[in-house]
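Look for subunit A in each of the two complexes below; its partner is subunit B in the first and subunit C in the second.
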Partner chain A sequence: MDVMTYLTLPFAQHALVAGFLIALICGIIGPFVIARQMAFAVHGAAELSFTGASAGLLIAGNPVAGALIGSVVVAGAMGLLGDRSRERDSAIGVVLAAGLGLGVYLLSRYQGFASAATNILFGNIFGISWIQILILVALAVAVMVVMVVIYRPLLFASVDPELAQARGVSLKLLGIIFLIVLALSVTEAAQVVGTLLVLSLAITPAAAAQRVSRGPASTTVVSIAIAMLATEGGLILALVWSSVPPTVFISALSFASYVLARLVGPGIARRRREGLERLRNLAAALTEAA
Partner chain B sequence: MSSIEILGLRAGYGERSILSDLDLKAGPGEFLAVLGPNGSGKTTLLKVLLGLLKPTAGSVLVDGTAPKPRNRVVGYIPQHRGFDRDLPIRGRDLVTLGLNGHKLGLLRSTRPERALVERALEQVGALDYADAPVGMLSGGEQQRLRIAQAILGEPSVLLCDEPLLALDPGRQMEVTRVIDRYRRERGATVLFVTHEINPVLPYVDRILYLVNGRSVLGRPEAVLTRETLTGLYGNPVEVVRVGERVIVLAGDEESHSEIDGHHHHDHGEVASKWMS
Partner chain C sequence: MSTTITRLLGVPVVSAIFLASCGIGTASSSVPLRVVAGESPWGAVAAAIGGNRVNVVSLLANPALDPHSFTATAADAALVNQASVVIENGMGYDPYVGQLLATGATGPRRVVNVSSVLKVVRSDANPHLWYWIDHVPIAAAAIEQAMAAQDPRNRSYFLARLKNFTMGIATLVKELATIKLERHGSTVAQTERVAAYLLTEAGLRIVSPLGFSLAIENGVAPSFSDQRTIQTQLKDRRVAVLVYNVQTVSGVTTQVQQSAQNASIPVLGVSEVVEPEGASFVSWQHAQITRLSAALGVHQ
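Presenting the complex of A and B:
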């Protein structure tokens, strides 16, 4: 079968829709993950969705619901334990280790096919059902609404926490809200690329975007664009070469865009510096003339 | 009327009081330097005035009302922390966040808000590099943006937490001049926490010197003397004048004497020295 034929089939269409939604939410949260130095939180939340999935599977036969509920519990635990930023990494490590242990135990109690839970480790985007797409749409809408509402104070709290606090922004409340948004997004992303590769959608596109854009808004737009390019491009490539799993292409495309951004980024920065230098010289000349 | 009125202030964290029985009245247009070793309560005092820390005793009024966050009467320059080189934030974005960053929503600003930001950038002479990423600017340029953030909305009280930290002497003078000019034009009260007295000495009206919860308040020539500071520290203190500069040498036998005022030590910095 060629790609065009594949694209008429529901499994491929579901995958592309799911990929679009996940790239959208990952692209939005990515720049904040970097500004708030939360790469480890992303990794932790992603791995722990395995525990949630195992619990959901064992209790209700529904790994996705288990992973989503589990991620909120995990975000709460990380937020409460790691109040100060210096404690945060160790708090995440503690929750991660305990949670993974629990996940292995839960999976050992499960009598059915373990692949339903292990799918979440490596991703299973070509096995997405309509119900899962509906959950994804609801989640993407919720994440976007929350992010649009808290965008400005969250940016303020992330880049300038001391002044934000003095201006009455609650760093603690925003931190917890963002942690929950992050855990939910990451858990959903884990179903596409697998927990082990979540960082390729939640960090890499934003890291690449930062290298080539100057303002916060353009960074977010570029970050979303790269995440979408990597996801949809990866899916289509996986349909062409069907012996290779899509996660391979998605992480490769994502990494390639980062390398490209690093290569062209210095040129952009240099031109910007030169422009700045010209402005400074001009200002100096004007001051002298006045 | 005083812009800052503090009576019998006691404040601290948990059981520990860092400030106690502090009285301070400062009027419009007054430039007050706050000096003292680390842990003596300088930052605590600013937190109380910002409304971020509730006093355990005493009364505090800023411009006639109790301090609370988001008070436009107070401008605040937080302690300097460099920005990440890759941070995708322009100077103008940073200053604008200082104005409306607490409001929910996306980054849209109204026309009057943009005009206010423009004016503040102009006042501190930062218009030339307002559209460059903050991480690429020098320490002095970043500090000017900080001042622009603080003077948005023309506050009548300016709280500055170590604004000269990590700047070279030339930039220290420049930053101090910008703050002083705002004070004179607006008639604002400036509370200037610093380790380095010399760059600000020409502008200072009074000095609040804090040591271990005790304090002395007065004109520089009265506070920066051997007698006053020896009494305050409870240990022999030398005050040396070299040309225009004042160097305070405070220490006891048990502690190493501090060479560089920039370095922060956790073990009660009993020895300190200011140089510009």
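Presenting the complex of A and C:
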């Protein structure tokens, strides 16, 4: 079957729409994940959707709701334990380890066949229903609204936390709001496309974008563009080589864009110097605005 | 007179058109019905009934794969979108089928959910329904109905083959009855619940802890007490056979197998999907029942 025939089928159309929405969400969140050094939080939130799913399965027979509620709890725990950047990684590691242990316990209490919980770790972008697309649309709108509202203070707090705090920005509150947005997005996206794909879309495109763009706004735009290119391109490739799972292509394209960005981007020393200068100017401008 | 001629002429013309349209109809119905099964046991049942009038594909057919980590490819999704009949086991065993069904369909499609057909409502029941040998004909009849509804021209062909298949199942039921007659109440241990329905039908008593099997099925570590229980049962030779799943072999199951071998307890490997790939349902189950009989010293 050729690509054009595949594109007439509902599963392929749904996958392209869902891929677009997830790339948009991940592309927006990604630059802050990189700026705030939260790649590990993305990993933690994605993996822990398994624990939430197990709890949901055991208590209410509903793994999806369990994963979503669980992600807010996880975000809260990570935020409260790791409010200082020095402790953040270890706090995430602690929550991740404890959460996975709890997940294994919950699964061991479940007297059934738990494919529904374990499948959450893999997702299935070729198995997307209309309802899931609507959920993704709602999530994308919610993420955009929240990010527009907190964009300036979050940028300020990410660039120069001391100055932001001195100016009355609540770092803790901002940190937790962003963590909740992050955890909800990652969990919902992981259910749709799988944990691996969320990692390749929430971290890699932004890391690549940061190397080739100037200023936070263009980083966001480039990050969304790379995420979309990787997703839609990867999906098309998975229709051409239809016995290979799409995740393989999407993560490969995403990685390739990062390698390319490192090769063509300016030297690291110059970039850091320039970047710091730009950020200082920006911070000063934001201070004045505030 | 002339009207009679036109009538006489008219009849062959009309019937020629009719035949032509039938011809088109025959041509389209000679294209085999597309049937997709979530796992190869139900695919094999569909193939037995459908013969050369259907084209059956099973999504999970490779004995080396675990249903817990199945990921659908574009080819799988396209099959489900375009299928005329889709068979899913249900009970959380093959959630990927439900996901692929939810994406939509390109034409009329019938879905057979075996757990609903067999009216298994408890979510904690054993999902390996194709081992429930005396209930397989009920599922097969539902599959035949779905295929006949999609392709009524082949109804009698499907019905004849269903009858044949049901007779094949009857011989399996008889073989299980023979085991029951000679070894009723014999105790067995299992690493997973894969063949549990079959073992129960054969009159055997599964004494290994349920928690152990559930843990192995779901890929979590079995509790210490469950491990100790099964190890003791093997060491003290309190079971006649150890039944293990050849598809998911881990450190723990290998240890259990080793303990059985050390105690000279026969070990019977069973699979979740049809083995070898492409074999018929009856010959696959017959081979497994024959090995079970041999392990128990029952002459069929």
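Note that in this section the second predicted complex is superposed on the first by the 254 of 290 C-alpha atoms of A that agree within 3 Å, B and C clash if a C-alpha of one lies under 4 Å from a C-alpha of the other, contacts with A are read in each partner's own complex, and residues count from 1 in each chain.
The working rule: contacts are C-beta pairs under 8 Å (C-beta built on N, C-alpha and C of every residue); 3 or more make two chains touch, one makes a residue touch a chain.
Predicted model, so just to flag it, every value in this text is computed and none were measured.
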item	value
Contacts of A:Q210 with subunit B and subunit C, given as first, second, both or neither	first
Touched partner set for A:V74, first subunit B, second subunit C, both or neither	neither
First (subunit B), second (subunit C), both or neither touched by A:A140	neither
Subunit B versus subunit C as contact partner of A:A164, first or second or both or neither	first
First (subunit B), second (subunit C), both or neither touched by A:L9	second
Touched partner set for A:P31, first subunit B, second subunit C, both or neither	first
First, second, both or neither for A:A261, with subunit B first and subunit C second	neither
Overlap of subunit C and subunit B interfaces on subunit A (superposed complexes)	none
List of subunit A residues in touch with subunit B within their complex	31, 35, 148-153, 155-156, 159-160, 162-169, 209-211, 213-219, 269, 272-273, 276, 279-280, 282-283
Interfacial residue positions of subunit A with respect to subunit C in the complex	1, 6, 8-12, 14-15, 61, 104, 107-108, 110-116, 118-119, 122, 124, 126-132, 194, 238-239, 242-247
Subunit A-facing residues of subunit B, complex	50, 52, 68-70, 76, 78-79, 81, 83, 86-90, 93-94, 97-98, 100-107, 128-129, 131-133, 136, 149
Interface residues, subunit C side, partner subunit A - complex	67-78, 80-82, 91-96, 99-100, 102-106, 123-125, 127, 210-211, 214-215, 217-221, 223
